[in-house]
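We call the chains A, B and C, going by the order they appear; numbering starts again at 1 in every chain.
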């Protein structure tokens, strides 16, 4: 009996100790972020209207955490926090299907009474309650990356985001000249295929990029003199008549956002006849193309031109080695930075407006140039 | 003349390739205990399964309570008042006694179960049988003996008039057996007919009225118990005469070297200050009642259970035994009482089982050396006279005695000089038993030293050069070969006069 | 030694408490300790709002865990509950959004499809004798596939608070009281289901046979009980609860994504284990299960309040599960 009690007691104390050590860690990070803040206030005594800096806490709830893209957003957000002398937390769900995880993060963030929230919502409908709550509590919400489309009026003050449709169209504009000559070979029986790999048809930003690419490409092809163009593969992107088309824009949507499923969707696309180009509309899709093509070896042998989106390590390597013709980059650092900056301004009561954080097409030739190079986050 | 409640005539049953029952006859009167005997594989279980509807007979007539019957499942047999109490108890250990007794016949009040009603009824039935068990007790917390009583009470609560008891005493202490017999006598008075399956001759003589013997699926004959002798029955069972004379004198030379010396071994409540020596070529028996701590001594010695203190010397060398592996390396082999759980891997072949404890010696860097394994396994099959069609036969398909021989082969192949046999003949039929005895004697003649733990006194007397008697975790006495049963039993009951903690 | 003589009753009383009883107590103490810990160290943790958040996070896992407790007590396992919950929600949602069924019919359809998946599992396990692990793994994949097919890999959005069917959230998630505070109606529903589950498990034939089968299936069969039938029921209950979890999820998180739900079952099973239900069957309690689920939710909500990434939640849940199983083993050894 005694033995058992002792054991239980030890176990409970052990978990206690573990939790406490975690708390200690948590507190050290909090103080390191607060330290420069204190320095800031003394260095700038003019900012007397500011609330005591150590109380200014902004919660950043992102759509992801592990991807290099989000890590760069995090860096930008942290940099802004350091400059402004505020404390932030940065959280994101393990995958973009984990809506419930994000909602729970937002719930806990709200419970911590932040002065403002920066949010990249996986699904606006899921967080409507929380946005209303923020609205009632007068906590300003700043959308970033894909933002919070169709949010309840008044809850979202401004967005720091890439215009995804324009970014997708930018990819189409760069791909089209390179494949223009091959398109003429297409017949109704044997259409030329331009493949698009999309991680899902749910997320606003990925869908818009895919849509931007599909629409722009169709427009360019028509303008180039081939009227019989159709896009197939998914209801959301359907256009034209598949039966008569000489050029097919084929969108492959992955079953889930797991890397394996994306890769198999990529394999399915690449195994079709007459594929001349493939576009992956986010980092995961670009990696999927690499996974599906034996790290790009199959692309070269089949003469398929590939373009990605975003700038992870693998993708950058693919571009610099010429496996990918190029890729679109957003400016994640700027997204993070601007999100926190907008949040801070909103909290201060300053007027804020949407900011387009921009997108660029990069190739192996321009990626070392300073203006592009700095956007290529790792 | 009491009513004949069961009459089975000309019952036959075949399985693919085997004729399990051939023209078997069996009958039972109300208020009678009728023993069904035979070596393992003689067809006793098959006959009982045919009776209770688990198997369907191919031929023959069964008349039960005056009507011809043909049960399709146990439920139909139960409804007719026939109940079988299995050798392996079929209990739901996590449920209460009353819940166990009334499983499948729960009483309800509206939507909900009425446990109070079944508890009340359980109390009445248990009281009628003179069994002091709380119906709300969790089954798993009862001793095996009490669980057995609950099974019987359950059968009674089903209004059973025909009970089949399949080796009910295999795991009971003497006191519990006494109680069981008392309950059985009460049931006789009430006119319940019982079919009693057991290997224990003394019990047959004490409790049964008639004995029917089967051999190889065939009916051999029926005797009135009080007019028959032990030898007569055994001869019918095995078709030959077996003598089981107690050993008169130790066959181990008094000056033989000590191979195992245990001092002040302690392990929990069941092993307290146990010290003893084992000589080369000696058969040392541990006797005592069920639960006296004999198996626990063996397990602690072998390292299967942790010990709190004690030193062990093998051939004069102090050895540290912290786990079975240490014991095996020291040359000690343990043949568990529960063969099927701890002794053999039922799904492996004879050859694979034979080298299981010593696979390292028969493996190269990557692969096991099948050729050598087969060779050594065949060698021991021959040496121990194991009856198996081939060394590739799965151990599952061997009889109990032959499974035991495979276990013995395993330890011999491991070069164990000290072998601990825990209930070596449990569940083994009479013919195979004497073969195991012969084998044990051959082993000591070869210079092995053997410890035998046995609950059957005739077995102890038959084998032992020396007997250590245990009671409540202590060694209470030591006797030489030739001692009487009474001496041993008196030591076995020598309890410490102190309240249990 | 005289085992048949009367023993003092004290031991029996202790024994009746059972294994689940002890561990449930430890789990409750652990839950309170962890809560206090966060209340002391967390940022704004000790508040009604946080309490509601904890309930919110317990909610769909809670239903899953209550259902799977039944299956685990029979000695089985149901790995399909997470994806079945999401697939059922998807089917009901699509029926309402795309096929034009009334919303209430959609909700009923969610429960029905959950129960049908349960029936499939139960049939595979009890009638066709598949090992539960394999059978439910298969169902997991089947339901994952069906949810993607039915939805055409598109998201389904359940009604929001402002829409015509706004009562959905009020009834199944939480309702705003005139005072402005949020009343967690979902949690009340969860408690109601818990009570029903408790009664079913302890006071009805279903429960009795659930325990009996987990304790010794062969013995139950030999007692003339229709084991095939009674072993199917816990799986149907598990499926039905998965359906309820689907509704709970949809009302709390509105958006149901195709191909989701994998991993929920492990959270639920972890909760069951923490609550003292033995994976080897025969022992278990739904109250313990709820405590187990609550412990995990407190960790999930509490760790961010100490500014820790939620990844730590997995770490700590893992530690708690291991401690729970260690305690289960050490208690079994004592017997």
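Everything below uses one rule, namely that contacts are C-beta pairs under 8 Å (C-beta built on N, C-alpha and C of every residue); 3 or more make two chains touch, one makes a residue touch a chain.
Please read these numbers as outputs of a predicted model, since none were measured by experiment.
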Show which chains lie in contact with chain A and also with chain C. none
Return the chain label for which the distance between chain Cα mean and whole-protein Cα mean is smallest. C
Would you identify the chain whose Cα-based centre sits farthest away from the centre of chain C? B
Identify the chain pair joined by the greatest number of C-beta pairs in contact. A-C
Once you find the CA centre of chain A and the CA centre of chain C, what distance in Å lies between them? 33
Roughly how far is chain A from chain B, going centre to centre by Cα mean, in whole Å? 70
When centres are defined as mean Cα positions, the distance from chain B to chain C in whole Å is 44
Touching chain A in the complex, chain C uses residues 26, 29-30, 33-34, 37, 41, 43-45, 47, 49-50, 53, 56-57, 60, 148, 152-155, 157-158, 160-162, 169, 173, 180, 249, 252-255, 257-260, 300-301, 303-312, 316, 319-320, 323, 326-327, 330-331, 334
Which positions of chain B touch chain C when the two form their complex? 73-75, 78, 86, 90-95, 99, 103-104, 106, 108, 111-113, 131-132, 134, 136-138, 140-141, 143, 145-146, 173, 175-176, 179, 289, 291, 472, 495
Chain C to chain B touching residues, read off their complex: 1-6, 9, 12, 15-16, 18, 199, 203-205, 207-208, 211-212, 214-216, 218-220, 222-225, 282-283, 335
Residues of chain A touching chain C in the complex: 4, 7-8, 11-12, 15-16, 18-20, 22-23, 25-26, 29-30, 57, 65, 89, 91, 93-94, 97-101, 103-105, 107-113, 122-123, 125-126, 128-129, 132, 136, 200-202, 234-236, 253, 255-257, 261
